[in-house]
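Two complexes follow with chain A in common, the first pairing it with chain B and the second with chain C.
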Partner chain A sequence: MGWFEANEALVQLTLINMMLAASLQVTLNAGMLSLAPVAAWGVGGFIAANLAIDTQLALGPILLIVAVAVAAGAFLVALPILRLRGLAFAMATLAVLLIVGSLSVTNREWTGGSLGLYGIPVLTTTGALVVGVVAVALVLARIERREMGRRVEVLRLDEAAARTLGVAVDRIRLALFVLAATIAGVSGALSALAFNNFSSQNFGFDRAVTTLAMVVIGGTRSWLGAFLGAFLLTFSPYWFDQFDVWNKVAYGAMMIAVVGWFPDGLLGLLRSGIGRLRAAIDRGPGTGTGATTAVAAGAEARS
Partner chain B sequence: MTQQALNAVVLGGIYTLFALGLSLAWGVLRILNLAHGAIATWGAITAWLLTKERVLPLWLLVVIVVLAMGTLNVVIDQLAFRRLRRQGTEQLETRVLLASVGVVTILLAWAEQVTKSDTYSLPAGIFSSRIYEVVGVRLKALDIVILVLSIGGMALLAHWIRNSRNGRALRAIACDPETASLMGINHEVLTPVTMFVSGGLAGMAGLLIALAFHVVHAYMGDPLMLKAIAIIILGGIGSVAGAVVGAYALAFGETAMVANDHASLRDVVAFAFVVLILLVKPTGLFGRQTVERQ
Partner chain C sequence: MSTAGAPLLTVEGVTKRFGGVVAVDDVAFTVEEATITGLVGPNGSGKTTLLGCLSKMLRPTAGRMLLRGVDYTAEPAHRLRRLGIARTFQNIRLLPGLSVRENVTLGLDADGVGVRDWLRSRRREADKRAQADRLLDELGLAEHADRPAGALPYGLQRRVEIARALATEPSLLLLDEPVAGMNDAEIKEIAAGLVAMRRRGIAMILVEHHLDLVMEVCDALVVLDFGRVIATGRPAEVARLPVVREAYFGSRHQDHPPADAPGAHGAHRLPGREPAPGGEPLPEPEGGSHGAAVG
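Here is the complex of A and B:
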């Protein structure tokens, strides 16, 4: 048996975590610390699980239904919650996550209670997950580039300034909030359809914290950072031989270090490293204009 | 009925101690320390480790736990948060929150390691197990201890904030950190003091929970943390009166829900209430109105 067959579940989990991490990054990059996508992840998973068990629908229609339902739900939740800012906003999204978690334990027929649902038909393949991840990357890359990226950046730095510059602040916040929930909902649906079971244990406060760690460690400025963090944190137990305690201590320490010392995360470190390397190559031996090329290459790598 | 009310009063006392510590750091220093729950857990674990082989009197345990957890909180602040404060105020609250998530991860992993993810309880010998009958209500000696400690703690904290020189300085920082430091208030001294008091309160709450519910385990602080956030949002950030009212409201609400067979919906109601309060009056029932730059 090859490496891939032996570790397919781990690869699938990584792909699912990449999507979930990207959904937290989308809002965090606009200055909104939102845990609501984790709730959407759970709702999406339960909708998909029930559809797969009760109907003969194929993967495509199920994902479509999940996306529409979760987006509509996120829209309704967003209307009141987006009035809040900063920590109050973060706490309200935490409350949403906890309410959804509690309700999913209480509604036994629909969610299987605290045990969760088992025997969900496996409708996803690793290939489908890869397609999902690529689609997410394409959408987010489109948002990060050009005018939209600049708008989001101004919004993160100073909302009042963004308004005076004519940025449609409310519309962008709403759109990003709903987009994040939709991505997370689809990711949850894929998870339910990949692993044959789904329970409310899968999207508690714990999961929110781990996913947040992925985004922060990888880098909050870009979807690529979220992907990088999700990849590293999902795979690290495999590399470090399941040595659980030290793994967690390492995440914690990395998180503190990144927030305090490297605010752009590992992705930022990588990029500045590549920038310096390129500058060193461009400079060549003994030229006088090294400093300017270094700055130019650095700026290019950062943009 | 009276018995239920008494249980709610005792529970409210513990919630208050825990929430006050969180509220103090949040209101004065703008530190929403998610590690507060893990510090309560460690307060309980410290007591458990100390009493594993010998029986210590309760007062000594309280003193040790408060000092140890206060110190731990100061160390956490110096290692993880101090640098963030120095980097300026842009998104400070969110960045401190994220760093505290890192702290939680470490403290919990360590707690799992020490307790091997098992549940323990503190030995019965450290406090009197006498039961008093007062007007038809059964009052355990432990209930009295909890009430005395929580009400004493509240009174002491309120007195400290209201009447002492340091307390006045704290209120000044909470109002306007920049002007306060122009008036000669030294953050470098007051921040550790505040974090020490906050950590001590968390440790004491953890110890009392361990005594009242006979449990010591690695995750005991998590539900406490979520409740405290609800309490503070309900009462208003940084307000002692608000934390007390919020804690008792939650304790009575929970007890009533459990008494009426709605135990599973307990948390849903609490957090739905939080969302409602945030929407109607984001500063909480007792919070100050803040003026924001437009």
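Here is the complex of A and C:
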């Protein structure tokens, strides 16, 4: 029994959280603070759990059904709420989360009520989770780069300018909203099929806040930031244990530090550090004004 | 698609109401190919609102807008790029964190979000980079291509915004106060740029308070006051019209509090301005009758 066997559940949870965090990041990066993926995570989990209990379907087909169902649901939800912007939009997605949470408690035979479902066949393997995480990274990396990356950037910063430049703002917002829900739904399905049980407790407001914290701490501007944040915050509660009763305080202090001083998250900090270092090497000592060269280096790295 | 002989832009009875306020009232004029039309008037006369309607940032309450005879009033704003209409903004709207080149490349990105476009983006990227560099070179921005747009001085940022609009290859470019806050040297450069774009066949609508520039480069003027067109025609003629002089410093404007007065910024310029000795300051494009006709 090596470290991996002893910690497999923690590794799996980390991979699941990476996908969920990425799903929040992909909408946040386009200027949409959406908690709806957390609801999609729950719906995906319940669909997968019921399919695994009632049918003999393998993991692949179950994930496919979940992806299609969640995408269709997200499309319908998007029609009314994508008209909203800013805080109103965020509140609408919170409402979606609360509605789904409440429905999952009341529909007992389908969700097991407040206790949740137990004895779900375990179909998820760590390998399947790694494949999922890699697939998410590939898709999101593709979106972040080149023309799609520029479109998303202008969409986030200035919708009016985006429209005059021919960016189909509404279509892109819809596509990203549905994509986020699909990623989250698959992540939820993998979670339900990994840990034998699944309940509405798993995707309440707490989960949404924790996941949002992962994205903000890691960096909202890239899928890599979401992955970094998910990794740190899934592991860190164990690291923070050394602070004993003060662990929540240490945890909160870290969040305040990141939000206050590094608005682009730890990834932004890393990138500007690397950019500064590179600029210093390129130009020799004494030249280069930190901030601008770092931005330039970041811009280069993106193109 | 286009109707032969139709003007580049036809504006028919365009009206924009905000609640009970009529910001743009039954405006009609035309713009010919490869001409510069100045849209002038005191502050609050509806110029920027009209520009918003023409670029579909705002939906007109009534009226029609036609490009080469084709009605585009119902098109969504993002479709206008494909039709050949581009605009710049009063407050510069670049992406400050992206490089100058990337900002211009944004103008080159086609509006498709199809999966196939997306998968092929790598190959197209090199072409776009070359195209963006060519544009930057033309506009004298080549040396700044790799700098973040936000780090450039104001005048250069304006030029980058114009380069980005040009990258969409418009046949009609809407410019909202392109020289606001610029010094005389920068204004001269922009003026030369506008004339060069006209030579390349691009028509422009210029909303501008700087009347020296307007009188220098425009082929036609449309004067707005309280949302209505009060005069159209060649700049030198329009400037002499009593109704225009009254709009700029007439009695009813004197009642206005000073805060409302920036329109008066132009008032001391316009009436004193006579056509430059030796006729028009700039060679007119051939064809003569580009003065707008009011319906």
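Keep in mind that, in the parts below, the second predicted complex is superposed on the first by the 267 of 303 C-alpha atoms of A that agree within 3 Å, B and C clash if a C-alpha of one lies under 4 Å from a C-alpha of the other, contacts with A are read in each partner's own complex, and residues count from 1 in each chain.
By definition in this document, contacts are C-beta pairs under 8 Å (C-beta built on N, C-alpha and C of every residue); 3 or more make two chains touch, one makes a residue touch a chain.
Being a predicted model, the structure only gives us computed values, none of them experimental.
Visitor: Is A:Arg151 contacted by the first partner chain B, the second partner chain C, both or neither?
Guide: Touch partner of A:Arg151: chain C, not chain B.
Visitor: Looking at A:Val167 after the superposition, I want to know if it touches chain B, chain C, both of them or none. Which is it: first, second, both, neither?
Guide: Only chain C is touched by A:Val167; chain B is not.
Visitor: Applying the touch criterion given at the start, work out whether A:Phe205 contacts chain B, chain C, both or neither, answering first, second, both or neither.
Guide: Touch partner of A:Phe205: chain B, not chain C.
Visitor: Could you tell me if A:Arg142 is touching chain B, chain C, both of them or neither one (first, second, both, neither)?
Guide: So A:Arg142 only meets chain C here.
Visitor: So which one touches more of the residues on chain A, chain B or chain C?
Guide: B
Visitor: Taking the superposition on A as described, I'd like to know which of chain B and chain C A:Gly252 touches: first, second, both or neither.
Guide: In the superposition, A:Gly252 contacts chain B only.
Visitor: Based on the A-chain superposition described above, do chain B and chain C contact any of the same residues on chain A, and if so which?
Guide: Chain A residues touching both partners: 157, 160.
Visitor: Which chain A residues qualify as touching chain B in the complex?
Guide: For this pair, the touching residues of chain A are 31, 33, 80-81, 83-84, 86-88, 90-92, 94-96, 98-99, 102-103, 105-106, 157, 160, 205, 209, 212-213, 216, 244-249, 251-256, 259-261, 263.
Visitor: Quick one: in the complex, what on chain C touches chain A?
Guide: Result: residues 55-57, 76-82, 86-87, 89, 93, 95, 97-99, 102, 105-107, 109-111, 113, 117-118, 121-122, 124-125, 128, 146-148, 150-151, 164-165, 168 of chain C touch chain A.
Visitor: Enumerate the contact residues on chain A facing chain C in the complex.
Guide: Against chain C, the touching part of chain A is residues 142, 145-148, 150-151, 153-154, 157-158, 160-172, 175, 292, 295-296, 298-300, 303.
Visitor: Sort out for me which residues of chain B touch chain A in the complex.
Guide: 32, 79-80, 83-84, 87, 90-91, 93-95, 97-99, 101-110, 112-113, 222, 226, 229-230, 233, 264-265, 267-268, 271-272, 274-275, 278-279, 282, 293-294
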